[in-house]
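Everything on this sheet refers to the single structure shown next.
First chain written, first letter: the chains are A, B, C and D, and each begins at residue 1.
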Amino acid sequence: MAFDEMYREVILDHYKNPRGHGVIEGADAEADGQNPLCGDEVSIYVQFGADNETIEDVKFRGRGCAISQAATSMLTEMVTGRKATAIAEMPRDELLEEVGIPLSPVRLKCALLGLGVLKVALHRAKGTPLPEEWAGMDELKLT
Amino acid sequence: MAVTSARQLDAAALRAQFPIFEQAGGARRLAYLDSSNSSQKPRAVLDAMQTFYETSYANVHRGVYELADRAAAAFEDSREKVRAFVNAGSQREIIYTRNATEALNLVAYAWGLENLGPGDVALVTELEHHSNFVPWQLIAERTGATFAAIPIEGGNHELDLSKLDEIAKRGQIKVLAVGLVNNSLGVVNPVSELAAWAHEQGAICVVDACQAAPHRPIDVQTLGADFVAFTGHKMLGPTGIGVLWGRQELLQSMQPFNVGGGQIRHVSLEKTTWNDLPHKFEAGTPPIVEAIGLGAAIDYLNEVGLESIEDHEVEITEYALGRLGEIFGLTIFGPPLERRGGIISFDLDGVHPHDVAQILGNEGVAVRAGHHCTQPLMKRLGVAATTRASFYLYTLPEEIDRLVDGLHRAKKVFA
Amino acid sequence: MAVTSARQLDAAALRAQFPIFEQAGGARRLAYLDSSNSSQKPRAVLDAMQTFYETSYANVHRGVYELADRAAAAFEDSREKVRAFVNAGSQREIIYTRNATEALNLVAYAWGLENLGPGDVALVTELEHHSNFVPWQLIAERTGATFAAIPIEGGNHELDLSKLDEIAKRGQIKVLAVGLVNNSLGVVNPVSELAAWAHEQGAICVVDACQAAPHRPIDVQTLGADFVAFTGHKMLGPTGIGVLWGRQELLQSMQPFNVGGGQIRHVSLEKTTWNDLPHKFEAGTPPIVEAIGLGAAIDYLNEVGLESIEDHEVEITEYALGRLGEIFGLTIFGPPLERRGGIISFDLDGVHPHDVAQILGNEGVAVRAGHHCTQPLMKRLGVAATTRASFYLYTLPEEIDRLVDGLHRAKKVFA
Amino acid sequence: MAFDEMYREVILDHYKNPRGHGVIEGADAEADGQNPLCGDEVSIYVQFGADNETIEDVKFRGRGCAISQAATSMLTEMVTGRKATAIAEMPRDELLEEVGIPLSPVRLKCALLGLGVLKVALHRAKGTPLPEEWAGMDELKLT
C-alpha cells in the first residue's frame, strides 16, 4: 500500500482540523476509551435534543494517531441528528466506508475507537445494546 | 464395533506423512505406542511452522508493518481453528497456555483463589492426572476448602457414582475437576452427567480433555462443562502450547492469572486494568508459532476426520485387547471397549513395568511404564506402576503384534 | 566507542543466514528494526527444531525407549547450554517457562505470596516493562504489602538513585524488581549496584534481562541478583519458551507455582511432595522442542560472540543517533550511547508515533510504535507512545538510512 | 542394545534372589527413597559395628524394576565392612561398574536409587555430606 493511499487528503484534513472537537459541560451522555495497544484516547460527549433521543450535539477530545482522530471527527459529523438507538445499531462498516482507506486489523482498532466509545456513552445513558460484534469495545473501562 | 458413516482411514498411508517413521534407525522400524504421552507430528504441521518463521515471523498485536500484520492475522486464524474444533461460541473463549497443566492451574488460581473457602469442597476424581488433581489440592489448602476425590469401583476401575450423594454431604461442592478420558487406563468418564450433577450442587465443572481432544469430536456447547483444557503436543501439534476454553461470563468475572505484557489495558502505579478476552489471560508474548502449528494440526485432524480417527482407534484397541488377552499372566486394567479410549494399561506377572518397557524398547516398541502421573489411581490399583500402550491414527495392527511378541520375550527373560 | 578485542562481525554475511531476509516480498527489502520486540531466527535454529521433530521427538523424562532417551538427553543438553550462557552454578537453577513474563510471575507468586505482607515494600522502577511491574503490584495488593517504584530523572530518563534513601523509609523493602536494559528507551540500569543496595535492605533482587541476554554477556554469579529472567524469542530462539535463573537456596525454599505433571514427587489425597529442582517449577510437558531451538540459538550467539554483537550494536546505535539527530523536530529519549542498549525511541514533532510507524511500514521499514508495555514510563515522559527502532546482529547501516528517509517522508505528509 | 546385554544373568540373579533383603529393627541408620518417575521404592537399614562407624550389617526392602532392586542388592554386598565416611564419598561409578550394563539417563536413576537412599541414611545418622554430584538424591523426601 502506498502511503498516500492511507493518508489521503480528507484524513489529514480531519486530523488537522477536527470537527466537533471540544467538551460539552454537563453532557447527557459521555464516555472515555483507550486503545490498550497504542494508548490512543478518546472522550466523547453527547447532548440530546428535546425528544431526549436524537443526538443534537456531539463533541470529542482525544489524542492519538491520524486514523483514530480523523475517524472520530468524521463520526461526529455522521451521527449528529440521528437517534441513539440508530447509532447503537450502526454497523462499523458505515464508518469504515466513510474513512475509506484499507486498514490492517491493528489500524482497524484505531479507526473504530471513537465509535466504540460513543456506543458505550449511549449504552450508559440509554441502555442501548453493545453488540458482540464490537469485539473488545464492550469492555472499555470507563474512568 | 459401532457402525458409523465415517470413512475408514488408511493408517499406513497417513503414516507416510510423519517424518519420524521414515528413519532407517537400524534394522527395526519404530512401533510407537506412546501417543497418549505425546503424539508424533505430520510434515504439514512442521512445514507450517517452518514456513511461518521463514516468511511471516513477527510479534503479534503490536506492529503496524506488514510482517506484524501477517503474523497477527495467522495467529488469530489459528485461534479461530481451535474455536471451531471444539465448537466454542466465541474466539474470546479460547485461551492459549503453555500446556494443559498451565490451563488447569490457571482455573485453579484465577477462579479458585477467589471462590473457594472453608466449608467449600474442591472435588476431583481418583482417575485424574496429577495436573487436574494437585492444583485443586493446593488451592484448597491455600483457601481452607476441603479437598476430596470421587473414588473408583474395583471391577472396571470406573468412577463410583454411587458415592456422589455421600460426598455432597461433606460441604458445599464448588468445583468438580474431571477428565474426559483417563490417561493411564483409558476410562471414559460420563462427563455430561457429572457436569449436570456439579451444576445442581452449585459447582463449576472443569474438564481435562487432553486424552479426548486428539481422538474424538468435542463440542463444548453440548458437553455441559464450564472449562475444558487440552494440550497441543498430544494432538499432532507442537510442544509449548495448550488450550483453555472457558465460558465467557466466567472468564470475564475472573481475576487474571499471570500478568504483564499484552494482557493489560492500562497500568499506573495506583491501578492496573486488564485487556479484553482472551488477552486478559495471555500474559507476555504468546506461543505464536506454536499456535500456527496447532492450527495446522487441527486442519490435518479435520481432513482425516475425528470420527474416522475414533473408529480406527476402536478397531486397533479391540484387536489389541484380544491379542493381549491371549498372554498368560497378563492383567488388563480398566473398562470394556465401549467405555475405553485407545489406551491399554496392563500388568505382566513377575516382570516390573519398567523392565517390560525396557525389553520392548530394546525391540523398537515404544510404550510407557510408570504411574502416568496418576499416583492416586495406582495406589487404588495396588500397583506402583503399569505398562501402557496407546494408539493413534497412525497405529498399525502389526505394531500390536510386535508388542505381543515383545511381551512373550519379556516373560522368557524373567522366567 | 569502547575498544575491545572482539572480532568484528559481518552483519551482511550473518543476514544471509536468516531466511526471512531472503524473501522477494515485493520491490523493497525488509528493514527489520523491531528486534527488541522479537528477533528473527537463523536457519540453524529452525533446522535444529525441524530435525528434532523428524528424528528424535518424544516426551522427556518418562520413557525408556530410544526416542525418549534421545529426546531427554537433547532437552537436558539445552539446559546445560543455557546454564553456561549465563554462567549459572548449576543446571538445577535453570527453569524453563512459557516466556519471560511467566518467569517473573513465577517469582512474584511463588516467592511473593509467602514472603510479602503489610509493612513490606515491593519495589519496581518506572523503567520496568509491565511484565516486571504488574506482577509485583498484584502480589503486593494480595498480601497487603506496599508497592512503589524508583522514579526516573528528567534529563536522560535514567533511574534517580538519589531517591533510594527516601523510598527505604516507606517500609521494609523485601524485593527490588529491575531490568538490566529497558526496552523502550534502551536505558542500561546499574543493576549490580542496585542489587547490592537491595541486599543491604534485606531484599531480594529480581532482574529482567530480556533486553540484555540477547545482546551482551551475562554472568549471574557476578551480577549479584537473586533471580534473572529472559525470553527465547528475542534472542534468535523460538516463541513459547522463557528462562528463569534463580539461586538454588531460594528456589529450594520456595513453594512451587504451577503444579501437576512431572513437577511432582509423590501425590496422595492427603499430601503431595515436589520433585527436585528444576522440575519442581516445570509443571506439565515442558517446551521441549522450543528448548532445542533455544539451545541452537545459544550456539549461534556463542559462535558469533556476544562481545562482537554488543560492539556491532554500539556501532549501529552510534550511527543511528547521529543520523536521527539531523532531523529537525525529532526528539530522542534516553541516555547517551555509553549507557544505552541498541534501542532508540523518539518523537517526531506533529506526527503521532502510530502514523510514523505506518508510513515507515509502508516503505518496508519495520519499527514499533506504542507504549512498549511501559505505560508508567510513558506517563513520566508525558507522551502516549513513542516510535522505537531497535537493532541486532543483522542490522545494517543502510537500514538506518532507510529509516531516516522514511522519517523525512512522514514529515512531508504531515507538513 | 540387545535385551540380553541389559538383563544379564547376574542382574536377574540379584533381582530374583536379593542379598541383604529385609529389615533391621532399631537400625542405627535408615532412610526411604522413591524414584518419582516410576514409583520405585527402596528402604535401607544400617547397623554399625563396635566402632560406630563401620557398616556391619545393611538390609533393604523395596519394590521396583530389576535394575533398581538388583543394584541395591549388589550395593549391600559392596558396602558391608566399610566405614560410613567412605561410603558417603563412594563415587557412583563404583556401583555402576559392578552393575556393569549400559544405562540410559532414566535407567541410571533406577540403578542409583539404592545408593542415594543409603547416603541419605548415613547423612542422617552421621552427618556425612551429600555431594552435589548426587543430582536429585539430596532432596529425597524422607517419609
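Criterion: a residue touches a chain if its C-beta (ideal position, glycine included) is under 8 Å from a C-beta of that chain, and two chains touch if they have at least 3 such contacts.
These figures come from a predicted structure and were not determined experimentally.
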{"item": "Rounded Å distance, chain A centre to chain D centre (Cα mean)", "value": "74"}
{"item": "Where chain A and chain C are represented by their mean Cα positions, the distance between them in whole Å", "value": "36"}
{"item": "Chain A and chain B, separation of their C-alpha mean positions in angstrom", "value": "44"}
{"item": "Sites on chain B at which at least two other chains make contact", "value": "62-64, 68, 262, 264, 266, 354, 358, 369-370, 375"}
{"item": "Touching two or more other chains - residues of chain D", "value": "37, 107"}
{"item": "Overall pattern in which the protein chains touch one another (line/ring/star/complete/other)", "value": "other"}
{"item": "Touching pairs - complete list by chain label", "value": "A-B, A-C, B-C, B-D, C-D"}
{"item": "Residues of chain B defined as touching chain C within the complex", "value": "19-20, 22-23, 30, 32, 34, 37-38, 40-41, 46, 49-50, 53-55, 57-59, 62-68, 97-102, 104-105, 109, 129-135, 137-138, 147-149, 231, 233, 238-242, 257-264, 266-269, 272, 283-290, 354, 357-358, 360-361, 364-370, 373, 375-376, 379"}
{"item": "Complex contact set, residues of chain D against chain B", "value": "1-4, 6-7, 12, 37-41, 63-68, 107, 110"}
{"item": "Residues of chain C that touch chain A when the two form their complex", "value": "352-355, 358-359, 362-363, 369-371, 375, 378, 384-385, 409, 413-414"}
{"item": "Interface residues, chain C side, partner chain D - complex", "value": "61-64, 68-69, 72-73, 76, 90, 92, 252, 262, 264-266, 273, 275-277"}
{"item": "In the complex with chain C, residue positions of chain D that touch it", "value": "34, 36-37, 104-107, 132, 135-136, 139, 141"}
